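Next up: some structures, all given as structure tokens.
Heads up, the next two complexes both have chain A, just with different partners, chain B and then chain C.
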Partner chain A sequence: MTLHEAARLWRLIAQLIKVNVMMTLEYRAAFFIYMLNATAQPAMSLLVWLAVNDASGDALPLDRAQLVTYYVLMGIVAVVTGTWGAPYLAADIRNGDLSKDLMKPAPLIFTAVGNYVGEKIVKLGMLLPLVALLGWLFRDSLQLPGEPWRWLLFLLSLLIAASLTYLMDFVQGLLAFWIQDVSGVLALEDLLEKLLAGRFIPLAFFPPALAPLLLVLPWRYTLSFPLEVLTGTLGPAALAAGFAWQAGWCAAMWLMYRVLWRYGLRVYAAAGA
Partner chain B sequence: MKPLRLWRRFFTVSLMREAEYRFNFALGLLQAVAEIFLMLVLYLAFYRFADEVAGWTRDEALLLLGVFWIFDGVWSAALTPNLRALAGLIQDGDLDFVLLRPVSTQFLVSCGSVRVRELLKVVVGIVIVARAGDAVGVAWRPDTLVGALAFGACGLTLMYALHFTIVTCTFWALKVSELYILPGTLYDGARFPVTYFKPPMRQLLTYVVPVAFATTFPAQALLGTADWHLLPLGILLSAGALLASNRFWHFALRHYSSATS
Partner chain C sequence: MTAIEAVQLSKTYTYHHKAPGLRGSLESLFRRRTLERRAVDHVSFAIDQGEIVGFLGPNGAGKTTTLKMLCGLLYPSGGAAQVLGHTPHRRENAFLKRIALVMGQKNLLRRDLPVQETLLVHKELYDLSTTDFRRNLDELVDLLGVRQLLDVQVRKLSLGERMKMELLTALIHRPEVLFLDEPTIGLDLVSQQRVRDFLQRLNRELGTTILLTSHYMEDIRHLCPRALVIDQGRIRFDGPFEDALSALLAAASAAGVENAPDPHTLPEPGAPGVLEVPQ
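Presenting the complex of A and B:
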């Protein structure tokens, strides 16, 4: 890709982001309800784990402050890394609507980003005040790190996590080239994500025997890892290893996308294709 | 009774419709199993660190989880599909067809279809309640069973009245078809004993979003730790809430600008 092409691609994506911000704002009330839920869900988990923490006599692997920080900020990470595209992509492949995406002046994997970024900008605008409110409610135990470098690392890991979930979601949608109905695959991945990304059970709470497995699977890097960076539970070596795994999974998913896209388009059959 | 006869018809029609899409039916069953598996893992995780949480041992909490699935199965089979569809009826003007029928409109829009596959949760719930109950040493007496069912019925009625009232607001907020998910997160609170939560939240989950009546109180009735004073209160609250939801529905109907007029 030359510099000129890259600049053109960026202008295209920027335009798509703008359009999607407008479209999302049109349904602002609905998105606000979604954001209320995105804040309340981790809050519910937090309250329950705090009850367990009290019952165990503070014997959880995370202390109270870490637990509070982890769950208060989870809403932000969950919204930034959230995905919803796979069912739409699969439907487009199945009924031939993909053809119109193939006419666009850039590959779909880039143009589809516009929808994600546009929608997430609006969502974050609504979510941040709600998370701030939740943080205020738990102000006694909330412990935000003071060092700017930790926040920078958090942002970096958040960005990679968002790319990773985006690619994982896209790859699942692409399976529609070969299988009629991807909803089974999506449901299975959703279960694994809920279980292994640290959403309901922080990964530190799993039996130690499972720890090496959790470290290797991709789901930790979609939600838990950015939060671990921020709550300061990782030493320098674990931090570096985490980033390596995260970037590695991202690269692997990109390769997977390239292969599926290339061979998928060969079997793609639609009116006019 | 006419509504009951009608409901049996709705059930049959819904079952026939679902049997048409067998793959979706199987997938729905799979998802229910996955959900149940997830919650079991979560509870096992809790009790890795403590033998008793807020007065509930592991087996007692599992009993409550079983009660939750019985409740959740009934709720998502009989009520959720209708409450989800209601906003669409109002927005598209399809409510016209309901209003013309010679039965209570609230009954028709609330109970018109059934998601039969969700009833699997009820079966799993009963199995878990029976097994966990035996482990705790529950004496299966008829009076406690009736008490538990009465508490559960109160919970179902209260939750229904709340959800229905919220969705009825669609008459004014036409663009928002997502109103039904508004109490959703607090509904998730029904998966845990209400004593897990500290006071302001505990009162919220007992009286405002009354999930305590749905799971905690029935489980306590079985365990023999229930506060029976709460039963008449629950019945009173349920009757009041049901009546209020009906009044509000008729008030809202006057603001309905149908598809044709």
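Presenting the complex of A and C:
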């Protein structure tokens, strides 16, 4: 890609982000309710685990402060890494609406980012006050790290996590080139994500025998890992290994995207008139 | 100079056969029968720059499939296509920036926003300078007579207005070749006429090469000095529009369409399997 092309793509994505912010604002009430949801879910998990923690006499692998920090900030990570595009992409492939994207002189994998970023900007604007409120409610146990480098590492891991979930989602949508209905695949992935990303059960609570498996599967790197970076539960070696796995999964998904896209377009039937 | 060229272009679709009923479903679970249908069968033609050509044929004849191969949406199963010196299915940006496809039944516009916003996206998409963008926009807005519609939410436009805005959006980058698939479908007579007039002026004033399919004979008669008739995937006729009609009617009867028209009598417009015919 030439520098000129890269600049054009950047201006295009910026314009798409603007358009998507406007479109999202058309449905602001609905999005506010989604954000209530995105805050309430981790809050409920937090209350459950705090009750367990108190009942077990602080015997859990994470202490009270770590649990509170983990779940209070989870909403932000979940919204930044959230995906919803696969069913739409699959439907576009099936009914031929992908054609209008294929006619555009810019790759869909980049232009579709505009939809995500635009929507997430609006969502974050609504979410942050809610997270601040949650943090205030748990202010006695909330421990935010003071070191700027830790926040920078968190932002980096968050950015890679968002790229990883985006690619995983896109790749699942592309399966529609070959299979009639991808909803089964999506439901399976959703289940694995709920179980293995640390959403309802922090990964530290899994039996030790499963730990090596959790470290090599992609889901930890979509949600739990950025929060682990921030809450300071990882030593330098674990931190470095985590980033390596996260980036590695991202690269693997990118390759998968390239292959599926290339061969998918050969079987694309461009259905409909 | 040749703008569009198809040489022995072919497309075969594969699909799975399932016998009716539960038994058929179970059988196809274990022994799936794969069938092939040749939608486009060794089609060859050439269109010069600045030409405006109509593509005619009954439903399922292969018009749209051919159009989609020329746009780069479909990989040909055989043969070759060249559009403006590019191989369409490679879908190079340099190629996509020089063509446009307008489908009467699919839309480019975002329902929730005024067209203006989609146009600004297209400005970046096609790398238009602000001067070029303004000039193209002014030109198209005047040709289509839609200046007052630019800042209206798309979902509040009527079907005819929307189609004009689709055309405006699809043409903002001044494509050299325009593919149109049923551009007047569902429009009332007045709107059809306006779209036709617009396409004619586009061709005359900007020299845009146009290949269009339509079921409305009026479209083709009004616009296209030359017509291609395709049936069962093969080119049956290529020549002046006046001579195309009889070839077309013969094709429709040969296809064994239910209530196929007798070539000697004009059928009712809108009869099943029959193309609309001028009165």
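Methods note: the second predicted complex is superposed on the first by the 270 of 273 C-alpha atoms of A that agree within 3 Å, B and C clash if a C-alpha of one lies under 4 Å from a C-alpha of the other, contacts with A are read in each partner's own complex, and residues count from 1 in each chain.
By definition in this document, a contact is a pair of C-beta atoms (placed from the backbone, for glycine too) under 8 Å apart; a residue touches a chain by one contact, two chains touch by 3 or more.
What you are looking at is a predicted structure, and each value in this text was computed from that prediction instead of being measured.
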item: Partner chain(s) touched by A:97 [first = chain B, second = chain C, both, neither]; value: second
item: Which superposed partner A:254 touches (first chain B, second chain C, both, neither); value: neither
item: More chain A residues in contact [chain B versus chain C]; value: B
item: Which superposed partner A:110 touches (first chain B, second chain C, both, neither); value: neither
item: Which superposed partner A:60 touches (first chain B, second chain C, both, neither); value: first
item: Which superposed partner A:270 touches (first chain B, second chain C, both, neither); value: second
item: Chain B versus chain C as contact partner of A:8, first or second or both or neither; value: second
item: Which of chain B and chain C A:243 touches, first, second, both or neither; value: neither
item: Common interface positions of chain A, toward chain B and toward chain C; value: none
item: Residues of chain C that touch chain A when the two form their complex; value: 13, 64, 68, 71-75, 91, 93-94, 96-97, 99-101, 103-108, 110, 112-113, 117-118, 120-121, 123-127, 181-182, 185
item: Residue ranges of chain B touching chain A (in the complex, touch as defined); value: 23, 27, 30-31, 34, 37-38, 41-42, 45-46, 48-50, 52-54, 173, 175-179, 181-182, 184-186, 188-189, 192, 196-198, 201
item: Interfacial residue positions of chain A with respect to chain C in the complex; value: 5, 8, 11-12, 14-16, 19, 22-23, 26, 96-97, 99-100, 102-106, 265-266, 268-270, 272-273
item: Complex contacts: residues of chain A adjacent to chain B; value: 27, 29-30, 33-34, 36-37, 40-41, 44, 47-48, 51-57, 59-60, 181, 183-184, 187-188, 191, 194-195, 200-201, 205-207
